[in-house]
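Across the two complexes that follow, chain A remains constant while its partner is chain B and subsequently chain C.
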Partner chain A sequence: MEKRAIRPFSGDTVTLVLMIALAAMWILPTIWVISLSLRPNMDLMRSTAGLLPIPFTLQNYIDIVSVSMTPRWLLNSAIVAIGTTVITLIVASLAGYAFARIAFPFKRTLFVFILCGLMIPEQTIIIPLHAMITDWGMHNTHAALIAPRVAMPVGVFLMTQFFRAIPLELEEAARLDNASRLTVFRRIMLPLSIPALTTLGIYTFLQAWNDFFWPLVSATNSNMYTVTVGLSSLQGNFAQTEGLGFIMASAVFASLPVVIVYVIFQKYIVRGIAMTTGK
Partner chain B sequence: MKTSLLAISALAVMVSPIAVSHAAEELTFLRFFGGCSDQYANVTDMDQAVGECGVIQVLTNKFNAENDQDITINTQNVEWGVYYDLLSTQIASGQQPAIAVMHRSVLPNFVARDLIEPLDDIFVEAGIDTSDFLPAALESVSYDGQIWGLPWDIHALLYHVNGAIMEEAGLTDAEGNYILPTSTEELFEHARIVQERTGKRYLSIGSRNDAMTARVFNLLMWQQGSGIFNEDLSGVQIDSEEGRVALEFMKRLYDEGVALPIHDGSEATQAFINGEAAVFVSGTWQVDTMAAHSASESSPLANYQVFDFPQVVGDTRATWSDSHMWVLPAKERSPEEMAATVAFLSFLNDNSGQWARTGHLPVRQSVLESEAFAALPYRTSYAETTGIAQAVPMVQNQRPIQDIIRDGLSAVWLGDTAVDAALSDVQSQVERNFRRVR
Partner chain C sequence: MASVRLRAVAKNYGAVRAIHEVNLDVEHREFVVLVGPSGCGKSTLLRMIAGLETISGGEITLDDQVINDVPAGGRGVAMVFQNYALYPHMTAAQNMAFGLENIGMAREEINRRIAHAASTLKIEELLQRRPKAMSGGQRQRIAIGRAIVRDPKVFLFDEPLSNLDAALRVQMRIEIAKLHQRLDATMIYVTHDQVEAMTLADKIVVLSAGRIEQVGTPLELYHTPRNTFVAGFIGSPKMNIIDGKVAAITPEGVDVETPSGRLAIAAEPAGLAIGDSVRVGIRPEHMGVGKPGDGLAVVVEVVERLGDETMVYGTIGDGTSVVVKLDGTARVRTGETIPISVAATDGHLFTMDGEALRRTPAALEGLFDV
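Showing the complex of A and B:
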């Protein structure tokens, strides 16, 4: 690929400067959060100004990792986030394929019905959902934390739209070669939908990892807390004033696995996003 | 009646050594106050407990270790911003804890929906002496003629003072204690003197998106012998002469630069600790924290002092208060479970004096008069607060109402809303909310 030199004051330079400025604006709050997490709580009661962690302490992180339940909470979050992501991808891709390609009675009505789920806020269904899981005796299990999150209308919608955009000829060619519907789905449609699956997977993983309210009400046993619920349970009543460093350290700590996942899968994530936008 | 029978059967089980000694009971104890079970793992020595979390955790450890009825208390700690959502959800789905903490200000909502048990009979049978409760404490757990909680503390607004600034301003007595203002004009005169002689602001108070706005408004209404509701709680009287005096007073604080309108709670705290303001309006819960900051020689918060809230308007001494209590969420309990629950409640009541170490006011007369309480730092300088503390009235939706007051009134100093318009707007919003639940 031919490399273009960036000339001073060219359009590229302006774009570059703008991008750097925007990136700085974007990253400054993150740097501030990290800096606050490395300062003593008592010091933060006096001032939260400044981007440098002076005076410096690791005490907030030591307070987190010295809690014996923290590894357990991380494991629970990993099980819930990975489980939710895998099951959502399976369900959404199968449902999306069916809605996009298979004719069946009441298809349109059912699709609209599923899309209606996008409009219902979580808080409105939390009590019936909680009562249902209570009746089934499932609270304080990983299944209870995963199951309600698998019904993701946005996933079905995304996959349906993606499958609709794939040229019908590709599928018809395979069907002429006597491939079954399942084979077509597995061999043709799924490989073609990797960009959409990647996007949906990232979205689902982040949603499940950061989820707070459902794990809060479902997991009453501290052994079943996810990392978001577990770390918040350590906060005192006036943490925003008296324990700001600890709150920030909790935020950084809980985000670390997500950042690591991003670093490892960065190439696929960027490619996935680029492909879904058609670039 | 159901509760009475439960209580009697519970006590019958309690006094039956054979039945109780064989019954291992595990109770869920839902609370906020922070999580520190690792820090205090197996600690039962109360002297080692520090702060709200430390005291309640060590008390729980102590009960688990020392009760001879094989009762285990399992704590479920929740961050208090989501606490009541969780409690409501648990009760609605039949997963309620055995014992839960509750604020007085939300009690009516839970009582009206039959979500918690009355405790009158249980107290009688368990020998919990309600006559030892301070009147304000007993009142804080009473609603519709019944007792609904075991009082745990009263937390009230105080006047936190930077003694060094006051001394520099010449506003202290021979012993170096700040001489509190006794009227509106005196307060503004003090503010002018502090500004002139020290260059510091007089007051630091959470004024933006902070519950302190509603608390202080309530306080100023009470100091005029009024309140945001009329006496029989049948109507709202925010848009009244007393309301106008209260809001004009608050507006003047900002207009004359006595306090900064843009400070939220954390910024107000910072300003006081940094020695930028001479007075900090906050609660009992800040006493130990401020004392700790003041203990450092380099701290700008020098010679920390704390006082009962002064009477600055009207002719009635009053300060705002709320309280914590322990309640029993309504559910079917076996006699064994009820016996264990009552045993833990009795233990908490016997040890409620320990909680006073956190800065909160005690709920029992015997604790208030004890040498141990008098020996706690600063406590004697705000001992009268238990007598002047007034809690928000027992009406439904008290918390949303306080939010309406906070947002509506702060529009006066954060925007350009006129006092009359703000009072009228808040009055109509609170009335609408009030009508919905009556």
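Showing the complex of A and C:
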């Protein structure tokens, strides 16, 4: 596995050097942030120079867990991201199956309509969305953070394309095998679409976890902040000088789940990017 | 009992009529093969019987029950697809069990049936494997196994062997024939391989452009094709069709003047008069080298020596191509003109619109006694 990934570059020294340089550019700020998070706040008021955490302390992380609201925000983020992911997968797979395999009136029009959703920027709908949620009195709930995110055109599109590519004969064989439509969906189509569902799931999860704009608008009560909104709220006037280590620790703490997801599902994320770009 | 009857069955795809009012009887335990050129509607017909395709007109009955509106799963038919259509995420055993689980069969009975089918098909060692880890022939067996365990009234096959290599195809063909004997099942089998059709069928149905051209036993179709289409479709190489004019009507049949010589054909001259245009049909295997001046003068263009036989490709006077099958030691050279003789009782005669004239009793003598 590793060998296969490295070999294409081994002959090309220039590419290799460039890749190392680029990787360093990406990794250095990360190392710096981690290092800052492991230094005392008082020390950071004097200087933030240096990549090594000297003097070393875990106090910032201890503060996060014991004092601050970061754990609460993490929990909110987790509820929202997992909820969004699960519901999106259900909606997208059912809708995708219908578009791929069931004949119904205005199917094509409806599909185009959904695809149009891809072209509408978030900013244009945020005010009506806000007004709507206000009318329903739903702000500062998890539902308000999840609901607008589960109507995901990309997901429906991806699942439709994926189901279309599954040979029709499989479904016909299943029909001859006395399988109902639901059985076909559950026992044939869903198991076969695990790669697509994984990809879509990771994509949705990361998107929901990193979401900032909508939670910022909808969650006004700090108890309902997601971790992205919460962290940005920490940037008070003097935070940069007085509590830099603490902010950095919060950032590291908040990105851990995302990092873990990336590490575990690296393979699928690459495949997913390949899928959404058409090959 | 499992007999299938098609009464004026038709299929439209939008404005296009794919099947034109087909009538067909398939008897209990019969092995019926549907043949015909690509696009003639074989798969469509089979899929209508299976319940995978709606029926635009007419009636299909299974054991005297009209099944037009019975869903595929409820018809008691099983189908083996050309590309096997095995569920890729299931093992062979799970593939076979799927249909039985769906009707709520008890686990022990499912296992018993799978074990029985596996021993019939000699696929015991494949049961825990997924389709991806099997060869084409092995997948084909699993697909057949999946059909067998359901104990269907009718087996449907849509070109099941066309994805296999030649040697395996022969082997599987023989196994399907054995299976038919052992299971005593009614089978309907689609192919465009006429060797498969001839060897497997109790009854062959020749289709063309959505219509049945002829139904009969393999030998009936070979010896008494109803028209030039069937005559050309059954037999390999194809029957030679040569245009000519009626020269004489004799007690033994009809003498035809062709562009390259005169041929006597033992066919009944119903409605023919001297001077009428007709078509003569002669199978390559019924041609031989005659005495100079005899029969047809054929200009040899290509000679293929296959060892046991020699294929001669040539032309006659009006440019019509003919194929002659001679024995392996025939002395024929490219460029020469050879006299080809044909026994009158081996010839076929057709009207200009391709309808066959009845062969005389003398011509048919002994052909069906085998």
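Going forward, the second predicted complex is superposed on the first by the 179 of 279 C-alpha atoms of A that agree within 3 Å, B and C clash if a C-alpha of one lies under 4 Å from a C-alpha of the other, contacts with A are read in each partner's own complex, and residues count from 1 in each chain.
Going forward, contacts are C-beta pairs under 8 Å (C-beta built on N, C-alpha and C of every residue); 3 or more make two chains touch, one makes a residue touch a chain.
Since the model is a prediction, treat every value here as computed from it, not as a measurement.
Engineer: Return first, second, both or neither, reflecting whether A:Ile188 touches chain B, chain C, both chains, or no partner chain.
Structural biologist: A:Ile188 sits against chain C, while chain B stays out of touch.
Engineer: Could you let me know whether more residues of chain A are touched by chain B or by chain C?
Structural biologist: Counted on chain A, the partner with more touching residues turns out to be B.
Engineer: Can A:Ala179 be said to touch chain B (first), chain C (second), both, or neither?
Structural biologist: second
Engineer: Looking at A:Ile269, would you say it contacts chain B, chain C, both, or neither? Reply first, second, both or neither.
Structural biologist: neither
Engineer: Considering only the touch criterion stated at the top, classify A:Gln235 as touching first (chain B), second (chain C), both, or neither.
Structural biologist: first
Engineer: So, A:Pro167: does it touch chain B (first), chain C (second), both, or neither?
Structural biologist: Once the two structures are laid over each other on A, A:Pro167 reaches chain C alone.
Engineer: So which positions on chain A get touched by both chain B and chain C?
Structural biologist: none
Engineer: If we count contacts the way the header does, which residues on chain C are in touch with chain A in the complex?
Structural biologist: 50-52, 71-74, 77-79, 81, 83, 85-89, 98-99, 102-103, 146, 150
Engineer: Which of the residues in chain A come into contact with chain C in the complex?
Structural biologist: 167, 169-170, 172-180, 183, 187-188, 191-192
Engineer: Per the contact definition, I'd like the list of chain A residues that touch chain B in the complex.
Structural biologist: Contact set of chain A toward chain B: 42, 45-48, 66-69, 126-127, 130-131, 133-134, 139, 213, 216-217, 220, 222, 232-242, 244.
Engineer: For the complex, give me every residue of chain B touching chain A.
Structural biologist: Checking each residue of chain B against chain A gives 28, 32-36, 38, 51-53, 76-80, 82, 85-86, 89-90, 92-95, 265-266, 269-270, 273-274, 285, 289, 292-293.
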